[in-house]
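As written, the chains take the letters A, B, C, D and E, and residue 1 is the first residue of each chain.
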Amino acid sequence: MTDWSSRVQEISGVNPRKCMKCGKCTAACPAYDQMEYHPHQFVDMVQTGRVEELMASKGIYTCLSCFACVERCPRNVQPSSIIEAVRLAVIRRQGGNHRKPDEIPALLNEELPQQAITSALRKYSKGG
Amino acid sequence: MQRSVIETAASLLETGVCTRVLGWKTGEFFYDVTPAVFTSAEEVRKDMVFTPFCGANLSKYLIAESRKEGKIAVFLKPCDTFSFVQLQKEHRICRENVYAVGVQCPGMSDPDALKALGLKGLTGCVQEGDTLRVDTLYGEKAVPLADALSLRCRGCKSKRLHDCDAIIGTQGKDLQTSRFAQVEALEAMTAEERFAFWRKELSKCIRCNACRNVCPACSCETCVFDNPDSGVQNKAAASSFEENLFHIIRAFHVAGRCTDCGECTRVCPQHIPLHLLNRKLIKDMNTLYGVYQAGADFETKPPMLAFTLEDPEASIITQGRNGQ
Amino acid sequence: MTYAYFPGCTLKTKAVDLDRWGRESMEALGITLEELPQWQCCGAVYPLAKDEIASRLSAVRALMAARDQGTPLVTLCSACHHVIKRANCDIAEDETFRSRANAYLSPETPYSGEAQVLHYLEVLRDVVGFDNLSRQVKNPLTGVKIGAYYGCLLLRPSRQMAFDDPENPTILEDFLRAIGAQPVIYAQRNECCGGYVTLENQGFARSRAAAVADNAAAQGAQMLTTACPLCLYNLQQGGSLKTVYFTELLAQALGLKEGAL
Amino acid sequence: MQRIGVFVCWCGSNIAATVDVEKVARVLSQEPGVVYSTDYQYMCSQAGQEMIQEAIREHRLTGVVICSCSPRMHEATFRKTVEKAGLNPYLLEIANIREHCSWIHKDKLTATEKAVILGRAAIAKVQLNAPLTAGKSPVTKRALVIGGGIAGIQTALDIAEAGFPVDIVEKKPTIGGKMTQIDKTFPTLDCAACILTPKMVDAAQNENIDILSYAQVEKIQGFVGNFTVTIRKKARYVDENKCTGCGLCTEKCPQKKIPNEFNLGLDNRRAIYIPFAQAVPKVATIDPNHCAMLQKGKCGVCAKVCTAGAIDYKQQDQLITREYGAIVAATGFEPISMDKFDEFAYSQSPDVVTSLEFERLMNAAGPTGGTLLRPSDGTHPHTLVFVQCVGSRCDGGEKGKSYCSKICCMYTAKHAMLTREKYPDTEVYVFYIDVRTPGKSFDEFYRRAVEEYGVHYIKGMVGKVTPQDGKLKVQASDLLGGRQLHIDADMVILAAAIEPDKSARPLATMLTASMDTNDFFTEAHPKLRPVESPTAGVFLSGACQGPKDIPETVAQASAAAAKVIGLLVKDSLTCNPCTAQPDELMCNGCSSCEKVCPYGAITYADKPFRGPNRTTRIRRVAQVNPAVCQGCGACTVACPSGAMDLLGFSNKQIMAEVDAICR
Amino acid sequence: MQVNETFTPTIVAFCCNWCSYAGADLSGTNRLQYPANVKIIRIPCSCRLNPMFILRAFQRGADGVILCGCHPGDCHYTTGNYYARRRMTLLFSLLDFLGIERERTRVEWVSAAEGAKFAATMNDFTETITRLGPNRRLEDLRCKEV
């Protein structure tokens, strides 16, 4: 049985106990409506050991990695690093890829910059 | 380099910028270079040298020399300038009486290192780039400079010249070094092994005081070991406390003030690696209280005269580990 | 003056305009951007996990090459800049990463963050100088009201990027003033354009871009400018304002690029 | 040769039951230097003390060791005893054989053995004791209060009431401080000006108070009881004695567009101005940076209209040097700059204001005459969003402060309540992390804002403010409601963290008073000596010591005054003789000791010393002021040469104790 | 390690006057026992403790040395124990570097109210030192190679 909570803290280098539950991350988040859990909950769920629920959530793929939550957090907690770590935890678990490389072409269009494709692969699958 | 050092010194005297020059001159052997004060350009041209053996750090002499009448010019290598700044930080040098000339340094050589390379009958030597051309009774030999360097120059921490009025050569930068490697190796040993190491080394001490006399940080008006009120005064070197713990107390006394110039080890006739004690303390202070380099600036408070509320407790030091 | 230059993948394909006008303008200003030989993709996103080593290595390779050449490394694409700059900070600060990266790449001289990473705009501001730039402008963009769009990657996290005030940046506005245009300040200029989510969730990405463009338009902007190919794409897809790379504006002001805005 | 007497106390059976006191006395009598040794039932009794005194005289003792209870108990008693017998009171040492021996050991043999060792250590130490005399220093009976806000005014009034002269130095043209800018005060909602201005007038009229406004402290020398302070009284280009405060000049001055700092730049003032109607002193001041006469030599309108002839363009700064016995720091606070928090669009929209600016917008004497209007277009705002903790409770300190600013919860509740009371058509939102309302009637006040005035308190934070189409689009979190809120607001009010006034840090350096990392003055003891600085003779009043509201500030101001009065009533101060003492011959002048001294007791002097060959060398050597030194000994260890020693606990004395115990 | 039954170590405890010395008094007042091996030396503040005193104690035959002071933040002189903390940390590290048994030195913060903590600390420390056996190394460090 993996202790995902401490694993996520380790991978992300984030100490969720620094959070003072002000909710500024969630207030700053541009992807709020796209997620079932929100940045402050991510932090809380890692602290209270509810990481499996988080791993099952689709919202972790909607995080834009825009770092607004990181920049504006008064306690320097870095919620987006937690989200990334949870994503990684899923991806590193066997078969946890959110998107497989062969699914990607269907999503592409002519104009899309390479940067988007590489980013998406990195974010969604193991070793894009 | 030698020529520009001498010409600079001579012209400083001739133009009246200073009345005396603190530099180096050769002793009995060409590699036996000692500090000297020159008062005329003739003397300078006759006796002053700047050779690969000018290891001696002249900054300490300024404590006395800078308080004398008239301005004195001094020649300082990068590592010497750290001591120069540190002594000023401690109000020991009258800066206005000093004209400091920084001399860029390729690293100083050690006659013992040459001897260890199998060279005998040394009669002279010139440094050319990365090579040292050594004249011996048996002809000229070329040696890579790196192999001839003295121990402390092999881990040179900086080529930066601090607080100089003029610079010969180019201004340098701080270097990345692995100067703590030997300390780390000792830390990795068991306590018994460390104890055995130090007992062997410190047993060699003959209390000649060379380390104390050369150390720019050991510049007290009266050393605690000569102070009857300190409780550790020591005249007769018997099996008393004072002798035994001399090096420990000395290392502690210079903690936060030692610039890691390595002079102590250089001059030790018994070849005790005394600088390791200082480096250990520097390493600990860097780790525990943030990186600090004595003599790198005039403002930063030395770690032993400062604190933060969040400093670790002494219990962070555990057997053989250093809170890392 | 010659600087090492890291163009990145997108600038070689979809964002050739960003690259081409950037280089030509810099050349005209007396600085040569010399492409690093054999650069590899920066990785596009910065791995936030402390134990991800491999995905940061190509950035380290580029940094090492710049260090060996002895010049700062200039980037233009926001994403490349973000990745390379952060990798450089990490290797200087994170001992584990440093030793593992060096062990993996085993360079002749270990790398510990000595190279300087500059964004193109920083070169314009700090090396060329905006005053100097404005003197060299041949076709000032007088009267054009332009909203500078920063996006996320150049500014945040500010502790590492150290690019500009993350909430009230001024570098692009100062640039616009230098080329004669009238910058329009609007609050959404540092909010996300939708990023790579555009791949899966176009609707959402477009709503983000629309929010940015609408805010700029409401504050009086006639067009937007950016340094990021992905931002440009998203803003073109979902925004109501014309969006161009800032290097295009620069080239136009310097008289290198023809045509109307 | 030392002649030491040893007195072993039984303490009834407290000691004697477990320690063989006779044996202890007998064994210790054999120690070198001991000429007399005895035991007795109660050494601290009248009879016991007389016995000691008699022995001192009879045996011409040069040192006394008493083996008894803890020195914390009877050291003072026995010092008096020996002093009465003609022996210096510091030639006494106590071996604690009760608390540290008889009470903790059961076995008599062990306890006796230990008592002997403790006695030996005391004997070893007393051999090295030197007679010490507590010095006396006089007290100048005048106090200086630095800062003329409510804290400084209250402290000065209380000191003056007690009959001591006191000067207030205020850097602004008027006293009154931040409280003059505040509209109403919580939780009673009485008007700040109504309660403050009478106090300002009291201060101006009090014979014992001298107000030095538009002035700042330039130099502080000396120590407790004996400070010499140089004060720079800046040129205001108006003769304070002639100006009647009629204000005609401030109406006629042609330079009209100067941001009015009293209203935080929300309106303009002239180049010659009186900050506000109730200013004390009520005299005009010329702002030299904007006055056309002073800048270009052309204008002179104010001089023409002044019937009192008070305008003096040639006025110079004046340096005043005065002596004081005590100094009170009352430098107050400032709201932090909002530069680094532009996610709230403070720099982008004039309708985003700080709470202090909001006070001015609500104030009848403010730029809008007390009608709440949006700064951007002068219209009536309908939706107001208050954001708490802006820059407070931040981690790291790169951006914002680590501490809670303490006053924001209450003033925000006040603002919200007043807004709803005056303008019932408004919607008022308060975004909070926690609502902190400890204080008399504070929580009731906050609850009234919610329950009676219908203020919307939302647990959450604002993440972004976007000015667009004449509105402020506020994006925020509602953590209890589990949603992200989007509010189109007319005004956003930021509860900016407060920080110590910028003048505090240089002042602390001059005072050698310590500060914490946030630049608040440190108190001598956080619980038991909250209004004193660790530097003797320096006292703390108001928010310069930490965030405070008005009632707390006034309470602390009076407490500081009480401490000052307690000092000034003394004619002289007795010093602790166990102070640090440098051996000048050995001192390097390196400043290590100075850096660790918490009291600023150490200074340096250049002194001549004999060098070799009849030369004289000038050396920098440390000087300890015994009136200021408290005897902690930090300097003795910092000193690299061991030149610094501590009287009463010297290196040799402690080593002697160590040797006696370890032998 | 073999426990020496007959070994009674000499332990020197430096206590600051305001907190720890008073804490030791309190453990006496409450009759809380700790071994008689512990001998207390009163100093005004933990910052008065010169590392030389510790070395001296070891040289003269002490087997363990402990420094007790006010808790950080409670120093009577405001800052003394912060300096003491740095000095002791470095000294202990240096002694460890020389191969001296780390456990022979200790710092403990004891307030005037912590009589029980003082006694418990002294019991524990004495036990540790007894287990370590007599201190030889600091004395041996200087002698000619054996």
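Here, a residue touches a chain if its C-beta (ideal position, glycine included) is under 8 Å from a C-beta of that chain, and two chains touch if they have at least 3 such contacts.
Remember, it's a predicted structure, so these values are computed and weren't measured experimentally.
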item: Shortest contact path, chain C to chain D, counted in steps; value: 1
item: Between the pairs B-D and A-C, the one where more C-beta pairs touch; value: A-C
item: Most widely separated chain from chain C, with each centre as the mean of CA atoms; value: E
item: Of all other chains, the one whose Cα centre sits farthest from chain B; value: A
item: Cα-centroid distance, chain A relative to chain C, in whole angstrom; value: 24
item: Centre-of-Cα separation between chain D and chain A, whole angstrom; value: 47
item: Centre distance in Å when chain B and chain E are each reduced to the mean of their C-alpha atoms; value: 36
item: Per-residue multi-chain contacts in chain E, two or more chains; value: 51-52, 56, 60, 73, 79, 83, 87
item: Overlap residues in chain B, where contacts from two or more other chains coincide; value: 224, 230-231, 304, 309
item: Of all residues in chain D, the ones touching two or more other chains; value: 343, 464, 596, 638, 651, 654-655
item: Chain A - residues contacting chain D, complex; value: 18, 20-29, 32-33, 38, 40, 68, 72, 74-76
item: Chain D-touching residues of chain E, taken from the complex the two chains share; value: 10, 12, 17, 21-22, 24-29, 31-34, 36, 39-45, 47-53, 56-57, 60-62, 73, 76-80, 83, 87, 119
item: Residues of chain D that touch chain A when the two form their complex; value: 343, 389, 393-396, 400, 433, 459-464, 475-477, 479, 484
item: Chain B partner contacts - residues on chain D that touch it in the complex; value: 517, 583, 585-592, 595-596, 604, 617-620, 638, 640-643, 645, 650-652, 654-655
item: Chain C contact footprint on chain A (complex, rising order); value: 10-13, 30-31, 34, 61-62, 64-68, 70-71, 78, 80-81, 84-85, 88, 99, 104, 107-108, 111-120, 122-123
